[in-house]
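Pasting the structures here.
In the two complexes that follow, chain A is the common piece, with chain B as its partner first and chain C second.
On to the complex of A and B.
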């Protein structure tokens, strides 16, 4: 097996085990989807099934995945730093970025499980079937979306390595994403000036595309338009995180402050 | 009483001593601001109405639960972690005043957050309250904050016996969001949960504050506020007696500082 792949797998497995030992992660992964899904369902209770699937199920699924990523992937750097392991990981014979990517993949796998928990909870508790008009396209969107979330998580972890003040910002990332990406309501209800901000966030397009698949795609041009945005942004985030990890590599050697709290 | 105020102040200062101004502003001003924006937009969309005053009031008061849960709810665990819990227990001063004092300053700190929430409503969602009702509105908010801090005291005792403090705090926050009727009408909850809502603090305070945005019956309003105060006090005493119970247990088992 390729050495990088082996590192990737063992790093993800270790990350999943470590994450499960933290109560905050257990909350984000298991309890949060239930409570958030319940809250959204109570709000959307008298709306039609399509809206419940679009805003309650997809909304709570995406916010659960986001919670897992923002609180864990981004926080991992800080945890390693506090445990004094950041320099060790950085100086390991394997590439730092590959180890971090493994961690993010581990979190994304658990985050995907969290998405499934939130959907299953609504289906089982309230008897709302999860039906899709275009399941095949949804599966494709889902895979691209997961890749996009992985890229975001890598970007966040890179930012956190470079700037310590990002740690404080991380705690305030939840609501801007929930608002700007239209997790629980369509972005059309937001003021016009916020739309460009929504558009540069890939979860916005992931949700729009997901909702199109729930409803049935009537306008394929619009579908392609958002799909291109989703793919383009994922590509852009990937380029950015690759760049950040190069900057980290240089800065860590220049300033020797990687492990400084 | 002088000691009570001093203790409250010192305890509050110690809890937030690690925070700098930047972190305080982000956590206490920016995050609540975003939370209220999120729930206001959501309520406006879901209920398809321009009059979202009830939801702005409910969610603003609900912001105080951040103080109640993450501030007051963690206070005893923090004391234990810092090694000062045994000093509180052994203190010759009134244990009740020391216990109650741990939540006192949070009422005023939470008031800042609630005001931020209401200001967001005023600036972005045309929320207003008649000048003539302003005093009663402030009383309703203060009583709600008092009872919110009281449930924080109960949670802080639970934190001494339950190891998974983060889980406890986060679940408590969401349960208050769900069960107090601040974010959606209690009538939407399953029947068995509606019963729980009536025994929770904040529920009646939110209901009373909401009444002040339209025509209201003063007798009903005062009754709700009295009940809210009574429930808050009940939680405060329940917290105190739990604390004493744990103190007795720890004296017997010598496990006060163990976690």
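On to the complex of A and C.
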């Protein structure tokens, strides 16, 4: 097996083992989606099935995915730093970016499981079937969405390697990002000045496209417009994280951000 | 003797801040132009009080930190610029219980680090059990590291540091917290590695250990090299019976760092 692929797989497996042995992670992965799903269902229980699927199921699914992929991946850098493992993996001959990508993929697998848990919980508990008007397009959107979340997680982990203070920013941005992306409501209800911020976040477009697939696509121009945004942002995040991982090797050593001071 | 580690006029500054509300930037000079070299198969000890710059020197040599100025090379490769060639040939062990994945077993830890060092599966199958045997953790190799004693964690760190069969090994206070038996075992490992031609640079606060192990010793204080010679020559030069007396004589009023 190719050495890079082996590093990718073993980092991913290590990440899953490590994460799943943490009680807090189990809570975030299993209990949090149930609580969030329950809260959203109570808010939307008098709405029609489409609304419940669009806002309760997709909302809690994206929130779970965001929590496990982006938030955990970013937090993992700090955990590795405090464990003293960040210096060890950084110093290894394998490319740091491949190691981190493996860890993010591990979190993505767990995040997807968390997403499924939240949907199954609502289907089973409240008897609402998860039906899609356009399952094929939803599957495509889902794959692009996962890639986009992975790119965000890589971007955040790169920023955290260079700067310790990103962790504070990350904690502050958790909920605002869920609000800006319209996880539990359409972004049209937000003040006009927040819309540009919503648009530069790919989960916003992922949710809009997902909701279109639930309802059935009536306006293909609008669908293509958001699809282009989603693909474009994913591409942009990827370019940014590739750039960050290029400069990390220099910056992290110049600014001594790998260890705990 | 072939020079494996070359440090020349090495400087390293850290930017730090003081105060909570009115933050003030401060520049700390951790290294102020130290120079030394280490030959192949030599055990070289870096001594000095806390904050003297020992760990900073090791971190620069192991490619974890960039020097602010000066030269640091290992096996002919610059530690800042040639890391791609250098990293497979070196490894380091920092004292204490960190630098391991506590929720995994010793075996899983070594397996993972072997993958990161691109060691093929066949070599892993032979090397991992041998290293676990060497550090005496074979029986508990599949237990989670968090259940290990401090000494066992530290011994596992030693196994991790040897996973790539490094040409040059850096040890930062490797015996700190180890019981006497564990420390003796580690010293024997270090001596055997040197006999096999491996080059070792270590830091320690235990003068007896430095005297017992090191071919040459460099003593640094406040980022400057204040003495550099064999333990015997240092004792002769300062007319002392022990290395501890030499150290205390040199540190004198310089203790506060």
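The rule is simple: the second predicted complex is superposed on the first by the 253 of 261 C-alpha atoms of A that agree within 3 Å, B and C clash if a C-alpha of one lies under 4 Å from a C-alpha of the other, contacts with A are read in each partner's own complex, and residues count from 1 in each chain.
The rule is short, and it goes like this: a residue touches a chain if its C-beta (ideal position, glycine included) is under 8 Å from a C-beta of that chain, and two chains touch if they have at least 3 such contacts.
What you are looking at is a predicted structure, and each value in this text was computed from that prediction instead of being measured.
On the shared subunit chain A, the superposed partners chain B and chain C are arranged side by side without overlap.
When the two complexes are overlaid on their common chain A, residue A:32 makes contact with chain B while staying clear of chain C.
The superposition places the C-alpha centres of chain B and chain C at an angle of 90 degrees about the C-alpha centre of chain A, rounded in steps of 10.
Once the two complexes are overlaid on the shared chain, A:135 sits clear of chain B and of chain C alike.
Once chain A of one complex is fitted onto chain A of the other, the partner contacts of A:93 are limited to chain C, with no touch recorded for chain B.
When the shared chain is aligned, no partner comes close enough to touch A:232: not chain B, not chain C.
Of the two partner chains, chain B is the only one touched by A:189; chain C is not.
Fitting both structures onto chain A leaves chain B and chain C with a minimum C-alpha separation of 7 Å. Comparing the two interfaces of chain A, the one with chain B and the one with chain C have no residue in common. The touching residues of chain C, when paired with chain A in their complex, are 14-16, 59, 62-66, 80, 83-84, 87-88, 92, 94, 96, 98-104, 108, 111-113, 115-118, 160, 164.
Residue ranges of chain B in contact with chain A, taken from their complex: 22-23, 26-27, 30-31, 34-35, 37-38, 41-46, 164-167, 170-171, 174-175, 177-178, 183-184, 188-189.
Looking at the complex, you find that chain A touches chain B at residues 23-24, 26-27, 31-32, 35-36, 38-39, 42-45, 47, 165, 168-169, 171-172, 175-176, 178-179, 184-186, 189-190. By the touch criterion stated above, chain A contacts chain C in their complex at residues 3, 6-7, 10-11, 14, 17-18, 21-22, 83-85, 87-94, 99, 249-250, 253-256, 258-259, 261.
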